[in-house]
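Labels for the chains are A, B, C, D and E, by order of writing; each one numbers its residues from 1.
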Amino acid sequence: MSAQKSILYPLVAVLVLILIPVIGVKLGLSYFFAVVVPYAAFVIFFGGILCKIVNWARSPVPFRITTTCGQGKSFDWVKHNKFDNPFTNKQVFVRMVLEVLCFRSLFRNLKMELRDGPKLTYGSAKWLWLGALAFHWSFLIILLRHMRFFAQPVPGFVDMLQSVDGFFELGVPQLFLTDAVIVAALTYLFLRRVVVPQLRYISLPSDYFPLFLLFGLILSGIGMRYFFKVDIIKVKELAMSLVILKPTVPEGIGALFYVHLFMLCVLFAYFPFSKLTHMAGVFLSPTRNLANNSRYKRHVNPWDYPVKVHTYEEYEEEFREKMKEVGLPVEKE
Amino acid sequence: MKIYDGRKIIPGILIAAVIFSFPFWLNFGKAAVPPKPKLPKEVKNCVEPTTFMRTSHMQLLNEWRDIVVRENFRLFAAPDGKEHLMSLQNGCLKCHESKADFCDQCHNYLDVKPYCWDCHLAPKENK
Amino acid sequence: MADVPKPEELAKIDHTPPETPWMETPAVLKDGMWCYGAHPKNLEIVDMPNPREWSPRDEDWKLPDNWKEIVLDGMKDRLGKFRSFKLFMDICVRCGACADKCHYFIGSGDPKNMPVLRAELLRSVYRKNFTLGGKLFKKLAGGRDLTMDVFKEWWYYLFQCSECRRCSVFCPYGIDTAEITIIGRELINLLGCNIDWIQAPVANCYRTGNHLGIQPHAYVSMIEFFCDEIEDVTGVRVNPTFNRKGAEILFITPSGDVFADPGTYTAMGYLILFHYLESMGLDITWSTYASEGGNFGFFTSHEMAKRLNAKMYAEAERLGVKWILGGECGHMWRVVHQYMDTFNGPPDFLEEPVSPITGTKFEHAKSTKMVHICEFTADLIRHNKLKLDPSRNDNLVVTFHDSCNPARAMGFLEEPRYIIKNVCNNFYEMPSNTIREETFCCGSGAGLNAGENLELRMRGGFPRANAVKHVHEKHGVNMLACICAIDRAALPTLMEYWVPEVEVTGVHELVGNALILDGEKKRTTDLRGEPLPGMEDIEDEDL
Amino acid sequence: MMEKSRRDFLKIGGISALGLSALPALSVLAGKKQPAFKLSDKALEGKRWAMVIDMKKCWEKQKKEGCKDCLLACHSIHNVPEIDNPKREIKWIWTEPYENAFPNLEYEYTKEVLKDKPFIVMCNHCSKPPCVRVCPTKATFQRKDGVVMMDFHRCIGCRYCMAACPYGSRSFNWGDPRPYIKKENMEFPTRTKGVVEKCNFCAERLAVGLKPACVEACKAGALVFGDLGDPNSEVSKLLKSNYTIRRKNDLGTEPNIYYII
Amino acid sequence: MALHDLLAKRKDDIVKKWFELVLETYPEDSRDFFRRQKNRFANPMGYNIKEGIAGLFEAIVEHDCDHEKTAPYLDQIIRIRAVQEFSPSEALSFVMDFKKLLRNEISTESDAGLAVELDKLEEDLDKLALQAFDIYMGCRERIFELRVNELRNLMFGALERANLVSFPGEEKEVKENKI
């Protein structure tokens, strides 16, 4: 599929997805979009991810194929790089934490170097790390901030997040930094796919689709917060009714809310069937989550089977005379 | 069906499930109580229609403070012809007599912590 | 004067990129990029499927009629056996972090050499056949039918990956293209489409114990030839033993060290070291049956790797040794370190390795019971057990090339450096983004060091050569040390093309030069017979 | 006219320019029947507000009664906290000895007459206010009628204005001022930690037709407030008939507080 | 020396354009990497080609195209292109590209005096093209030589003659005839 089509098709798909709840709510299907779709999406998300993980877990890790990114453990006098080349499970845990929370492998792209005179410069690849980190962390914080709609009383950490996130106290309602950051990061992640020829070449429709979906989700959310207000008391009433499993749909929440909710549901439902499963997959990656101690501790391959080998007897049988000629000891004279 | 590394993966799944279903178990068995802001008894109409005030009062207030501070207009003639003093302390809170019974109701419900009250003085509640 | 083309127009290349995107652009085999197909004899000897006369250049690859079924079934089977494969098929987000990390991409610019795309070649087929999205949305979900063109494309590009794992270091999910290549090659092998440069060593190794097909008597005479050479240089006769039962340690090194320069000098280094330690209690033997450390089976399939690897433990058990010492080799050590114990262990008949000289317990190798000779030597030097004269290597300015497998599958970085620094006076590192875990491949790994694909090797090795050239120009480096037999086979050619002033050596050749033997004569040459400056015979000077 | 001034305002308002808050509500409002923002009918309007302080009258009163009426009136109305620590104190209006208030006019012999004489000082509401120039958020701005105003909502506490003001008219809230306010005036807000404050020429009183609190509180009639744009105003007349001085006149900030000595 | 000055003044610009012309011979999707990655070790190809071109330009402008001076720069570029998928004409087209680039660049200048100098310059470039051909052939010959050396070094032949090696099956099969 050409690059243009790879972008166009998902874009059209997302635009259609935006129209669906708008029309649906007009047709009086608000219960469907406010209750049925979210529950369904939630179930698909959980069920799907669970199936995916179980599916992965059903395949064993027959060999210990750690990628080592630093000095391994050998002698006491050789400095062991514990977190890039873990030897114990504890060290693996730290490596995974660094990987999952700080994107350490991507960070490796960051190389400070002296180039063309004394000016310190960084490799361009740091942007990918920064963009990815900014996007993922913003997304997480935004998700957690939304907990104010799902709990009563609102837990303290949400309050803390909100005050940190709204630190600059810009505008009313307060501008959340993550809102700005996530749009910037997402734009960057999108643009690099379009602008960098290598990336344009490798990008598939399934790379653009989640990007557009996220744009839809985030922009509708930002729109609701800052521009086209909806009645968030009612939003919370709906959210609370959903989480206590007694769904009621208050009248008169703006259509934009339904777009936002629908985007979220599509994203959740799409999750298990797409590359987005990297969220769960990263924890299972055998090159990262295994200790590099395979000479220290035997790793067992559960499907190991006997193979045909060329035994010494067969070998000696073939070469006995020649072996004797040069004085090599033989088993059978 | 054989699951490999189940001793690590299953607890992992459980932990993730607990985290992701947090809103469900946190509210389990509770009833959702929507906020009930106390409205003024005598006055029925606010400066703008209720629906607008519900969603956009913060922007209106923000708007007002710019107009008052920077342009020195202090009176707002509402569509119904009534004039209102554009002031939080000397306007709004004259009708909505209690911050706790009015503002805080929804703000607490939605965990909104406006910084109005850092400077503006809320009416002293009768204790 | 109508349209007479100008010279620059005649020479102009048509730069229009292909109209079709990568999925629909079949690969065209270019000379110098591919290796000859496996010879039927070499397949037969190890009972591999579809032995036949064929050439990759033929239109018809003579595959069985149900070839597609075989490949897809094979894929399904492996998805069930390897979580790595299944996971790596699912979670790539195509972020492109790996794209410019592959030496083949860097050296050629062929976009299908970007690791992400190399993996996508398989992923597209995986999606189409094994995922719901791919079945429903086909191309929209990045799915692609397995056609003959696709299969040939796999073949072409999976044999343009040296399984060096450099991309894996940078991948946020640790996706290891080597793993995908290994399994992709397994699938290719289901149809008997290996390259002969891999298949011939596999067949040889199976039968004779080593890749080169050297029979036991030739093996012995070759090493005896080294003993003569050593005697010429040092005046000391070393006496290695072979297939000796009851020895304490079995020594296994890649056969390249025994039969190809400059590996042979490394082998001489081992011999000198063992002789030196003999009086201190070293009891070691070589084997002609397990005469190969390397494992081209690993470039064929997991099963074949296991079949060839089995000889190591089998021979150790037969001879009744306590543990195994391994020579300098890259992929040999990947297999030994990460696979051997799982393949053919547990080696209960062996004991936990202990250095007979220093008493050091090689704790980290206590299960596999095999120790890298650089670990062994570094420990000796650390305990001051070796009398060394590093000035005998003063004619050399050395840099060290981290071989991919020890660097990225073991984290074996400091030990060889420690040895080099103790046996040489002039050592300089290459730039930091070309060594250690970020080291560049020699361009010929994973069975790709054939003659027919020399262009591929030269451009694949270019990033490495470029860094060598830099230290050559900056510090006068004239010797590239490495701990890999494929490196020793491939790098000299690479150097001859890019930096002809630099030669290639194993670390233990440098040890052999520096080690002061009891009763040795004054050394006037190094192991290569090159005169040592300042140490020439006085008679020579008089002449 | 309304529209235009709003736009001008948006242009200068660096932060509002983010457009996150101001635009939408406005559009909602604008979409309805024309809303009206108005001045009170009673509001005082002027072209250039100014104050003339007759120090002789003031000193007389001070000598007799130790008068501090203007200071107290201002500070209590505006919820100015009373903090003893001179490094943290907040002041809108206070007294300053001659040599501090007029360092450029001080010379050997004036000392005898004016030595240590306390002058009532406050923000000079300069016609060319340096504090306005330096404010990065336009929290300090100058109204059309000359009042140098502060929009406390917008102050980010950078204190550039304090550095720029040659008269030390501005104070910074190092902490929450509320504990230091004895009796809060419920009609006026307090400030909060991290905000700069100063005299606002009683803008809130002018809007409802009242003179500044200090003027009203001065029983000696020493403080006179009025519009210099009006030649018939009392201040204009006083300036014509008296010799007056301004603080640090040579700095070119053109203060609008004049002193008769 | 008007032309000389003209070119010297616009060195950066012309070198950049020439570099772009060389990049155009690579797949569109990869060019950007060669262009943008500035680390000489992460992007050895981009680095060497750029350096080679800058060196050649310098030599051409200085009218100093003697073989010894230009050889290393030509080598720097051609050695890479000789192992890539180019026909000889494609591999060396970059020398010709420069002629065209030069004419385009100078066509805006209408100084008649330039013509003479331009002739001289084109002469230089022709010489450069011929030299490039020599170097290209040298590289290709080197490749073939290396191929042969590798085979010989493996000592297959010698061992086989000594009957020390055994191939599976019929012994005398020579691999090359499978092509």
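We take it that a contact is a pair of C-beta atoms (placed from the backbone, for glycine too) under 8 Å apart; a residue touches a chain by one contact, two chains touch by 3 or more.
These numbers come from a predicted model, not from an experiment.
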| note | Contacts shared by chain C with chain E include exactly A
| message | Looking at chain pairs A-E and A-C, which one is connected by more C-beta pairs in contact? | response | A-C
| query | If every chain is reduced to the average of its C-alpha atoms, which one ends up farthest from chain C? | reply | D
| query | Which chain is most remote from chain E in terms of Cα centres? | reply | D
| task | Return the chain label for which the distance between chain Cα mean and whole-protein Cα mean is smallest. | result | A
| task | Can you check how far apart chain B and chain C are, centre to centre, with Cα atoms defining each centre and the answer in Å? | result | 67
| Distance from the CA centroid of chain A to that of chain E, rounded to the nearest Å? | 44
| message | Taking the mean of the CA coordinates per chain, how far is chain A from chain B in Å? | response | 34
| note | Among chain E residues, those touching two or more other chains are 28-31, 33, 37, 39, 42
| request: Return the residues of chain B touching two or more other chains; collapse runs of consecutive numbers into ranges. | output: 4, 56, 59, 62, 115
| message | Show the residues in chain D shared as contacts by 2 or more other chains, in ascending order. | response | 16, 21, 24
| task | Using the touch rule from the top, collect the residues of chain B that touch chain A in their complex. | result | 1-6, 9, 12-13, 16-17, 20, 22-24, 26-35, 51, 54-56, 58-59, 61-62, 106, 108-115
| remark: In the complex, the residues of chain D that touch chain B are 5, 9, 13, 16, 21-22, 24-26, 28-29, 32-33, 35-40, 43, 79, 141, 143, 149, 151-153, 184, 186-192, 195, 203, 207-208
| note | Seen from chain B, its contact residues with chain D in the complex are 52, 56, 59-60, 62-63, 65-67, 69-79, 83, 86, 89-90, 115, 118-121, 123-124
| field | Residues on chain E engaged by chain A in the complex (per definition of touch) | value | 28-33, 36-39, 42
| task | Write out the stretch or stretches of chain C touching chain E in their complex. | result | 6-8, 10-13, 15, 17, 30, 32-33, 36-37, 39, 41-42, 44-45, 53, 55, 57, 99-100, 105-111, 196, 200, 203-204, 207-208, 212-215, 217-218, 221, 259-261, 431, 433-434, 451-452, 454-455, 458-459, 462-463, 466-467, 470, 493, 496-498
